[in-house]
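Okay, here's the structure, questions in a sec.
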Amino acid sequence: MGLNDGPIQDQHRPQPVDAHGLSVHQGLPGQIQPATLEEGNLFSGQPGFLTTRLDAVVNWARRNSVWPMPFGTACCAIEMMASAATRYDLARFGMERMSFSPRQADLLICAGRVSYKMAPVLKKIWEQMPSPKWSISMGACASSGGVFDVYSMVQGIDTIIPVDVYVPGCPPRPEGLIYGILLIHEKIKQSAPTSEDEWNAVDMLPETGSYLPRDVVDRITLPFGNSTNQNRSSGLVSTGAVVRVSDRSP
Amino acid sequence: MSNDGFKKGLDALDQGPAPSDAPADGAPPQAGGLPPHPTVDALREQFGPGVLRHELVAGDEHIVYVPAERILEIMGWLRDQQGYDFLQDLTAIDYGGGRMIQVVYQLWSIQRKTNVRVKCELPLDGLEIDSVYFLWRAADWMEREVYDMFGVVFRGHPDLRRILMPYNYAEGHPLRKDFPLRGRFSRAEQTRRALSMKTEDHYSPGELETAHMLGQSVPDPFNQAETADQGGQFGGMGGAG
Amino acid sequence: MALRRVVYNVTRNPELSAGGSLVHAPIVPVQGEAREVHEDFSGEHMLINIGPQHPATHGVLRLVLELDGETVIRCIPHIGYLHSSFEKLGEYRDWNQIVPLTDRMDYLAPLIYNCAYAMAVEKMMGITVTERCKVVRVILMELDRIFSHLLWLGTTGIDLGAFTVFLYTFQQREKIYDLHEDLTGARITTSSTRIGGMMADLPAGWIEKLEQFMTGFLPVLDEVDTLLTNNAIWIGRTQNVGGISGEDAVNFGLSGPNLRASGVPYDVRKDRPYYDYETYDFDVPVGEHGDIYDRYLCRMEEMRQSIRILRQAIDRLPGGPINIDDPRVILPPKTAAMNDMESMIHHFKVVMEGVRAPVGESWFSVESSKGELGMYVVSDGGSKPVRWRVRGPSFINIAALPHMIEGTLLSDVIAVNASLDIVLGEIDR
């Protein structure tokens, strides 16, 4: 929101390549290149008066009937269920039809921690969702690994699938999830469906199996501060009886 | 005040380590120094030197150390003669630093309402012990978990394979003290391994053999299109979530 | 068509490389446990896969079924899709820092886990908490038992097609969420106990709100009872389905309503009472047939008995401090810590070094809503555990699932799975 001047850079666009033919990741701030689109007539692929009116209608239809795919794994799934229940009703947004088949879903809500064993499932489900699709990473564990900076947890599902909105919290209150959903509605409102070329899937790099290169994955999954070296931080008193291996940095 | 014992414990911590009362030659402590427990006494009577040590912790929890070679007969005797029909827990402790790994069995007798904890110590180069699968079926998954997390092999278990980690997990046994918290590989490598799992990696060897004998290929667990016609009955819950 | 009998089983321990990865797993015939499959040339068995992402498996559980038409011949559950290594993480956290981890294991009854963990560490250290703390913890544990059974009722209803029950139970759960939030600040991840006491005492008006909830809850429970208990569809789908005998249940290590529905009257609150449970007047429902319907009846009655215990606990709630008095364990009150040097130093030490527990260990269990929840804590004299093991009841309960569903129909698999009341957080830990 407000980081670039042109239309919102969409992660589903084809990734530009550099001189070596490797795709250049464009997901991080500072690297965004706004697209330049010129006015044109209808069917030329450029936005014009009629196409923007059509865009508005299409976006209105899309955002008022988003069908979520609840990918609930842990505690956040309970809050997602609570937001679909009577007090924080999701039906007022047209979202009560939780589709458990990804083929009929628009919005993947990843609610809960994702382990490396579950990661291929998540990726497969994302791939099975037809475009247009959006994703919400609900909760701290899905956004960054949360409290679980351990050997078996994915440190943020954005290392595996592209994420549109992150909802912080552990678990986020249903109001928080609904705010995230409203941000998705805003994003849909500002998209330009009739002016885009194709909805391409993001590249899958063989070095990681996901759309991010190896060094980016390692950098965004670094631990925060001293969180994993606690055998030193509160080791002002150490009995020395049992030594825990101090943390290995990647 | 009932908190006296606890305050003495914390005072002892503040004072620091004190010389031990145990004999210097490593002989086990004398029997009978602790409050009696009917099972421990019966075990001593039945197995004699099979009871290596008897400890009392946390006020009323009795622990018996037994040698690993005799675990099956001792456990069988406990279940059949002493009525310990409920295996509450089966786990292991790694103290690190090359020390022995303790396999811990927590037993409860529903009829007699008594607990006992049995421990076996295994050296790191000999992490094998007999399985109690055929005594208590509860040991099935608990032993698989100890194998997965510590690398202890349970002889005689019909299906000893990893349970919590993926079947082709190559970083080792996580709950060992020499295993770092974040794993041995970098995050990018862990991601690559996770995302490059083939269909066969998701199945146990038994299922692969079953499929082979049935003349089928195993269903791709994550390809909904393949199982859509079979799974259609659960696919949508009437749109009601 | 001749029936050919095939006996096959994976019996040898798989051969593993030094790193633990699978190298070879041969099939050899075995004495003892072997599964017979009658292979009939006119029919064909089929392997299907349910999950791990599935609306009805209550989390990321994967079941591989070998079907003969609609009948389940074999079931192999696969778990580990939510393995968050709580136990390893606990070895790097202080005793009090583990309390937030316990919420996230059984997120349907977090206060039971908080209390069970604190009770295990207090037993290991030899701490006896104050009388008020005991009664407050009993209140919180029974409240969360109701909380968890309500969710079980709602999701089992949904799995078997009764959607209204889900809405009713979630509405009641919202009221318990409000109670959680008033007490601890969070709806689900409460983290309200500390070693030696609680994070905070009950706020003013909390008991009144609890009583209001209790008054409003029983009519709703009666209404759900009316909807389900004598309902022909419900009875048809749950009676004589997924049964397990008493001896098998004990041998499989089942606990909680799953065990009691099979006729075994084992309840930790009655057999190894803690926190004066022997002085409370309550009954424990025990079933007969071990099928889904008996488990349903047991859980419904347990909710009513929990209300009974809650009433008694509220009546006997004493005044007095909620935390014990030892500054080496419990944080001093903030006013003291800000005003006098000694309290400030105690505060510093407890926060920075953590509570230090003398060498020892303890295996302690409570009756959680899912079954017998055991916590095994081992200390080496420091502020972090050497080992923290959680005996999650659902882990053991789900291992008995194949035994319960072999021979039943495919549609019963979902019903039996729902009736076991599993939560994947404590299965996979």
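Each chain gets a letter, A, B and C, in the order it is written, and its residues are counted from 1.
Everything that follows uses one rule, which is that a contact is a pair of C-beta atoms (placed from the backbone, for glycine too) under 8 Å apart; a residue touches a chain by one contact, two chains touch by 3 or more.
Predicted model only: the values in this text are computed from it and were never measured.
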item	value
Chain-level touch network, classified as line, ring, star, complete or other	complete
Farthest chain relative to subunit B (centres taken as mean CA coordinates)	A
Pair of chains with maximal C-beta contact number	B-C
Distance from subunit C to subunit B - Cα centre to Cα centre, in angstrom	19
Rounded Å distance, subunit A centre to subunit B centre (Cα mean)	38
Centroid distance [mean C-alpha coordinates] between subunit C and subunit A, Å	31
Touching two or more other chains - residues of subunit C	52, 54-55, 80, 83, 85, 88-89, 92, 356, 380-381, 386, 428
Numbers and ranges of subunit B residues touching at least 2 other chains	95, 164-166, 171, 174, 179, 181, 221, 234, 237, 240
Sites on subunit A at which at least two other chains make contact	98, 100, 117, 121, 125, 150-152, 228, 242, 244
Subunit B - residues contacting subunit A, complex	95-97, 164-166, 171, 174, 177-184, 186-188, 190-197, 221-225, 228, 234-237, 239-241
Of all residues in subunit C, those that touch subunit B in their complex	6, 8-11, 13-14, 19-22, 25, 27, 30, 32-33, 44-52, 54-56, 62, 64, 66, 74, 76, 78-80, 83, 85, 87-89, 92, 123-128, 158, 163, 248, 250-253, 264, 266, 271-272, 324, 326, 328-329, 356, 358, 360-365, 372, 374, 376, 378, 380-381, 386-387, 389, 391, 395-396, 399-400, 403, 411, 414, 428-429
Contact set on subunit B toward subunit C in their complex	2-3, 5-7, 9-10, 12-13, 57-59, 61, 85-89, 91, 93-95, 104, 106, 110, 113, 115, 117, 134, 136-138, 140-142, 145, 149, 151, 153-155, 157-175, 179, 181, 202-207, 209-211, 213-214, 216, 218-219, 221, 227, 230-231, 233-234, 237-238, 240
Subunit A-touching residues of subunit C, taken from the complex the two chains share	52-55, 59-60, 80-85, 88-89, 91-94, 100-101, 103-104, 107-108, 151, 166-167, 170-171, 173-174, 177, 187-189, 352-354, 356, 380-384, 386, 424-425, 428
Subunit A to subunit C touching residues, read off their complex	71-75, 77-79, 81-82, 85-87, 98, 100, 112-113, 115, 117-118, 121, 125, 147-148, 150-153, 170-171, 173, 228, 230-231, 234, 236-239, 241-242, 244
